[in-house]
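Same chain, two partners: chain A is paired with chain B first, then with chain C.
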Partner chain A sequence: MISAKDVPANARILTVSVDGELVEFKDGETIYEVADRCSREVPTLCYDPRLEAFGSCRLCVVEVEGIKNPVASCTTKATDGMVIKTRTNDIEQYRKTLLEMVASENRNLDIDPLAGYASQELGKLIERYEARPDRFCGKQSGKTNQEDKNPFILRDYDNCISCYRCVRVCAEQEGDHAINIINRGFETQISTEFGNDLRDSQCTFCGQCVQTCPTGALSDKKALRAKELPEEIKKTRSVCPYCGVGCTVDILSKGDRVVGIQPAMDGPANEGALCIKGQYAFDFVHHPDRLKKPLIRQEDGTFKESDWDEALDAAAKGYKKVLEENGRRSIYGIASGRAPHEAAYTMQKFIRSNCGTNYIDNCSRS
Partner chain B sequence: MTDKEIIAKWKNETAPLLPVLHAFHDRDEYISEDTIRTVSSELKIPVAELFATISFYHHFSRELPGKQAPRVCTGNVCCLNGGTELLEELKSDGATPMPCAGRCDEMVPVIKGDKVLVGKNSSSLECHASPLPIPNPGNLEECIFRYIREKNRSTLDGYQNNHGYAALRQTIKSSPENILQLITESKLAGRGGAGFPTGLKWKSVAEANGTPKSIICNADEGEPGCFKDRAIMDHDPHALIEGMTIAAYSTGSDRGFIYLRYEYPETEGTLQKAIDEAAQNNLLGEEILGVEGFNFDLQIRRGAGAYICGEEGSLLNSLEGKHPFPRNKPPFPVTHGFENLPTVVNNVETLASVPHIVRKGPDWYQSLGMGEHAGTKVISLSGDIERPGNYEVPFGLPLKTLLHDWAGGAPKGKEIMAVTMAGLSGGFLSGDDLGVTLDEPSIRSKGSFLGAGGIIVFDETRDMVKVAHSAMEFFAHESCGKCFPCRIGTQRLKERLSEEGSGLDALEWVKEVDEIGEVMKATSACGLGIAAPNVTDSLQKYFPEAISNHANK
Partner chain C sequence: MEYPEVIFAIGTNMTECHPVAATRLKKAVSRGAKMVVVDPRETRLAQMADLHLRIRVGSDVALLLAMANVIAREDLIDAEFIESRTAGSEEFLSHVKDFTPEWASSICEVPAEQIEQAALWFGAGTPSAIYYTLGITEHICGVDNVQSLCNLSLMTGNLGIKGGGINPMRGQNNIQGAGDCGAVPSNFPGFQACADPINAEKFSKAYGTQIDAEKGITKVAALNLCGSEGPDGIHAMLIDGENTVVTDPDKNHCEKALKSLQHLVVIDLFMTETAELADVVFPATGFAETDGVQTNTERRVQRLRAAVPAPGEAKPDWWIISEIAKRMGNTKFDHFKSAKDVFNELCSLSPIYAGLDWDRIGDGEYQWPVPEKDHPGTPRLHEKEFKNGKGLFKIIGYRDPAEVIDKDYPVWLTTGRRLQAYHTRTQTGRSAGIDYLLNEESLEINPSDAVDWGINDGEIVEMESRRGKIQIKARLTDCSPRGTVFTSFSFASVPVNVLTGSGYDPVTDTAELKVCPVSIAKIDK
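Moving on to the complex of A and B:
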């Protein structure tokens, strides 16, 4: 039996049957969460575990004994004694038909993985269910908005399947409410206020909409610059070098070039979130102006390339001189917001014990 | 009114968004960008969200000519009666089409501003009161229409001439538990179509935790071919108000809303007048009829053109000023309704039956039905029928009795070929299945349902594929766009029924239509997507030849 985490020892044990297997769960868990925990691989398109369950794609429907129609497992709470079947022939057929219907209104199923973290979801499901994209032909929905001049987010709504993950992540995770759903039915369309470009909206270009999009309708313009590079995409787990929050990122590279950044959905500090800098501001890595060695300013104001020993000596000499000539209150330390806790701690220790002053602050609040 | 005055009037009211938007729409005839920005900042709704929500409602204009431009009904009945031609005639005035506007018992309705004009062509358009139901042709005892034809029934005096508010006076002498018991015993069930037992619903709200509780009347009568609620509200508004007040007393609710569809502007005036009269006479408001602690504030909220807002989750979201998508259930409104608090959502007919039932007793009400069936149902009959209109029938009445004996059959000696059930949602009945009786078990045994009680009649000359296309066009137009099977399915079914055809051979046509229908029925998130395939299913069941001709075109 698979156990639910955090079940208090004295609580009554709640169980459901999932495809004949008895599974413990804790009060409040949805059928999808329980099924996912026992690796049922229930397919979804509108689901993002960080967001409130929405129940629109209906791919996650399952049979529950005693309920006539299949229920959306993402929005239905498990109850004690429930008998659940996650992949009967009927259910699998509904899923296949649904995928064929979705594919029928989607122009492009072959999406470059550089487009975004979740961009392969639809394509993979179509493949898994051997769904035929040429059935149910008819009008296609969504109007592309490739004219949007912003440098970061490609908005190709030809590929939009109206799962609204972008709208929901923008509202629920980011709190920006920059985009929403206009019109209704087959005419629904993702839009900013008054249909403006993203630059004229509340968008902060955090890129979360791009990373949750399951079809590549929203994609990472910067990463796609490297689409034609022949090498394989390599992902390297790291920590964002900007502020001290410590967002976990996956750095995408092709050969020896950094080509894009994706947030780590399991990053403890960010859970898939990044800001505009962490998401898009990585061009400095390969920029010709980038400093690779310390520079020491000379008497005439010019810079001389140096190594770290010489540079640190020069800095120490400078501190000593100022302390001797002007006293300890002439020093004021401001730690960089980019520095992590340890570096910030070392900085204040340096200012307090070496320079003998409490004039220490952090750029985040000065 | 200035922007500031509009905002000040509504800002601190409950459910302010719709009335604020209507106030601007009334003043400017359209909703401008400035209005959206003002409302956004005053009601604290993000601009993009408000912009999007407004686009959901088809009667809010975003440009001139706005509210005064004619909206012509090209609904499923009106397109039989010249609606499409009238639209063409009025195009030079900026006319646009609208789905069924609930005047199917007359000629084509045209909404201009806050007036509904009705006529066959532009020269015959005129504004008049909506028709009263004719006296019961079967001479049967009625409940809901019992006094509706009495003079001045819509005024408080007229209402009180025939036992008006007697049921409320009786109610306050009794305990809420007794009233709940009485309603349960009467077997009254939801007359909006779902048929949920009213007593059980009220009891659940009475027992649910959380206050304030609400009574919401679903008067968003959007189902094509349904116009019974309009008749009740236009001619017997106090019955609805009294029913809601009794519901409030029984459940301990102190606020109420009537969510009225946009297409009934005159009805809003009638209801408001009745509410004001009731309030002036201590039949609404605080300490009603002197009963300490019995407070009930009743307000009207007007919709803005979205069929899905008749779905209770969408209705609640709409009232709350949110995007009107249906809500995921459970939880149900009885515990998590308006503002996430216990809420009764009942149809107009259900609520307006209550005073009669309270006054005359549950046994009396049950006895009105035929055989095993309890009570009555108002049927809205329209289309190719000699005497279209609202008929209160006992449950169990044979459909043919209604069609032929009561309503005169098809005009000009033609034969009735098919009828719709539940407006459009039940699809068609035809042939031998016209022998059903008007009650859910009988109609459901034919794969359809009675629902809200709209029946549209088609004579032998009608092209049923065209009729089905118009029905599916409605569902596609009104699909909210949330769940995939309905959003894509209604569109694909519409395309397969269209005159241009789908390029599929008959075999493939049937296979695709069936497969789409199956997935919609099994997986759609609300009743719209579940019911829409009834149209294609029943079309195939009764008119297989029409299908093969259509598909091979």
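Moving on to the complex of A and C:
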């Protein structure tokens, strides 16, 4: 007779019970991952699915039959036949008390959503659990560092809860190790080497620490410039305009203005990552230097603003004249590697259908 | 990118130019992958490498030949792959016998043992992946470089497998897309060769004009023919979103070429140095204002979406170009009412896009080719077979760059990008905060060279090539090896492309922007 033990783990169907529901899982999955898959909404603060589970905030605790104390679901692997309860009264009460302790340090819980992708996490949990931030009063850890004058990352560690997501994303995701933890207990502080400003560290200003921070301790200084604009924040899914990696981004806008960029955590090429250019170099969109009207060169060499009809006619007339006088091989088109497909496609069609030549190229040779 | 066992990164400053791709390589490294970086400069990527080969600029072919030599000698070849998937191996394997690491060392200035080590790792890796950028292609031997890399991958069977392959990192958001769309002189949309009469007939019919069944000339050739009196003369250009005057080599030549045109129309976001030369300039919509499609470096077809209105009267490029065509009496643009119409026409004429349309690409899940509607897309090319049958080994020999250092120009200049700036800074230069990190250009000089040349950190020096001279601030750093200096082409105040342009690859016409002999001198006070 074959016992379950003789069947390799990957050939067996593994199941756990989650709040009474039988759920299949793959060997190696944590309880949190299984529970998340069946939408149990287990609360977390130190968890970022892109990082190694850390198990420090203890909010994700669940009851497992046969284990006396609640276990952290993010660091505990699911095993076959496990009976898990994610929302007992005891567990929910425990989470509420934990949240009240986390919030006890007079933290600012009203964080503007422009601060960062995860910036609402703590505030939302406090609300969900109707936790009372003033239930406990005690010392405060983390000291604000507003002296760092970098224009991108606001470092207000008054709001830091020592989840270390910033430190871990910098190390695990970016491999930059620009920031680390110094001291212990209430003296805990996130710092660069020698306490320098970020500019003088290994920091590349990719903004990943900002986007993973669950409390707004690290916030997007640039986006917060638009805090006072009255309009709602709108998110539009698009792709970064810089290199060829093609990172998916959410453009944050208020009214007619782009106010910030956030990485798309499910972007197929970037999986939530961005670099300084994609994250922060977007002001060109509204720069006063942007061309706003067509321009036609005058006899004296200067440009004159014109309406579209006049400029389009002038452009067309010029090509017709050259075609007539110099033949179809006298016109050349250079398409952009920066504009979308529709631009490149129309460019090549312009040359091929007007001239019958293949006198078309793009900027890839330089 | 997290899957290779051995990473061979050559001519790519990935942490600065493709930072997000670099994070995935870093993860592979922290997972235990070995990384070999070939670069004259000590980049961040080089610092993270297990082995950094500080090659002399422009000598890649010598290094790659010697690696092939070692891989063959140590029998690290994939005989089965070579037998079933390739052609020309016998000649190639006998060709590389002569090119020992010692021979290569005398050219590329990398110790022979390091070449041996790189080859042994690459040959043994299961799989080994190659990553390259313009440090490979922007040479007179750019094609030779790429084919040398192909040879390495072919002989070790590292193609068409997860975590392997030859992976060029494209520099611009949609430079891949520009090629996909046929904005090249050799191919119609979807990489259908112009020289094939069947393709020419197909597009002649679709576009209602008889189109030549032969390649057009490249941009480089066209610039050389601008204003020419002869029958080949180019007298009008349409330039969309490219600051040609600043990005192209030999700036003075380029400027003169564009000025000699009878008619130049430029479409751009800003009044660039190139737009300044135009007869008519049109304002285009840009990022965050345009609905459209772009393809990334892994052939992933992704949607761009407008979030805000464009400034003033700016319009999408496709609309502007279509309107000009219409006013020339061309009716083949009449049905373009939206970006969707344009993209769907591209799909209808391109077999690699045949399974796609505007409504299917919303989540960016497709990598072309997508030949029919229910096709899942193609994350890896060449999995079972190569498009043209067998993978061909190419016989390649080493040749010097177009110009080599001599008595008058004794220093190698190589150029590139920086993390905080993009190209000619028309965009990053107009974004608040970037200046806090990078507000001026500098020339990176090895400190020992600086001592020899009597140059101090922060001093303005004069750098001269056979084509021109510029002034630039010296910055002393070990990042540059002895005898080689580096700067970027991002700042208009330091127009480094006044100096470059010594030669072009004979096949692709790509400029040798990565190698330029220069002299460096103190400025007499």
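The rule is simple: the second predicted complex is superposed on the first by the 279 of 366 C-alpha atoms of A that agree within 3 Å, B and C clash if a C-alpha of one lies under 4 Å from a C-alpha of the other, contacts with A are read in each partner's own complex, and residues count from 1 in each chain.
Definition applied: a residue touches a chain if its C-beta (ideal position, glycine included) is under 8 Å from a C-beta of that chain, and two chains touch if they have at least 3 such contacts.
All figures in this text were calculated on a predicted structure; none of them were measured in a lab.
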First, second, both or neither for A:A72, with chain B first and chain C second: first
Partner chain in contact with A:Q120 - chain B first, chain C second, else both or neither: neither
First, second, both or neither for A:T15, with chain B first and chain C second: neither
Which of chain B and chain C A:G138 touches, first, second, both or neither: first
Partner chain in contact with A:A314 - chain B first, chain C second, else both or neither: second
Chain A residues touched by each partner, larger count belonging to chain B or chain C: C
Chain B versus chain C as contact partner of A:I161, first or second or both or neither: first
Which superposed partner A:D361 touches (first chain B, second chain C, both, neither): second
Contacts on chain A seen with chain B and repeated with chain C across the two complexes: none
Chain A residues touching chain C - in the complex, by the definition given at the top: 149-152, 172-175, 199, 204-206, 222, 234, 236-248, 251, 253, 256-258, 267-270, 273-278, 280-287, 289-297, 303, 308, 311-322, 325-327, 329-366
Chain A-touching residues of chain B, taken from the complex the two chains share: 33, 36, 46-49, 51-53, 55-56, 306, 308, 323, 328, 330, 476-485, 487-492, 495, 502-503, 512, 515-516, 518-519, 521-525, 530
Complex interface listing, chain A residues touching chain B: 45, 53-59, 61, 69-70, 72, 75-77, 90, 94, 97-98, 101-102, 104-105, 135-139, 141, 161-162, 171, 177-188, 191-194, 201-202
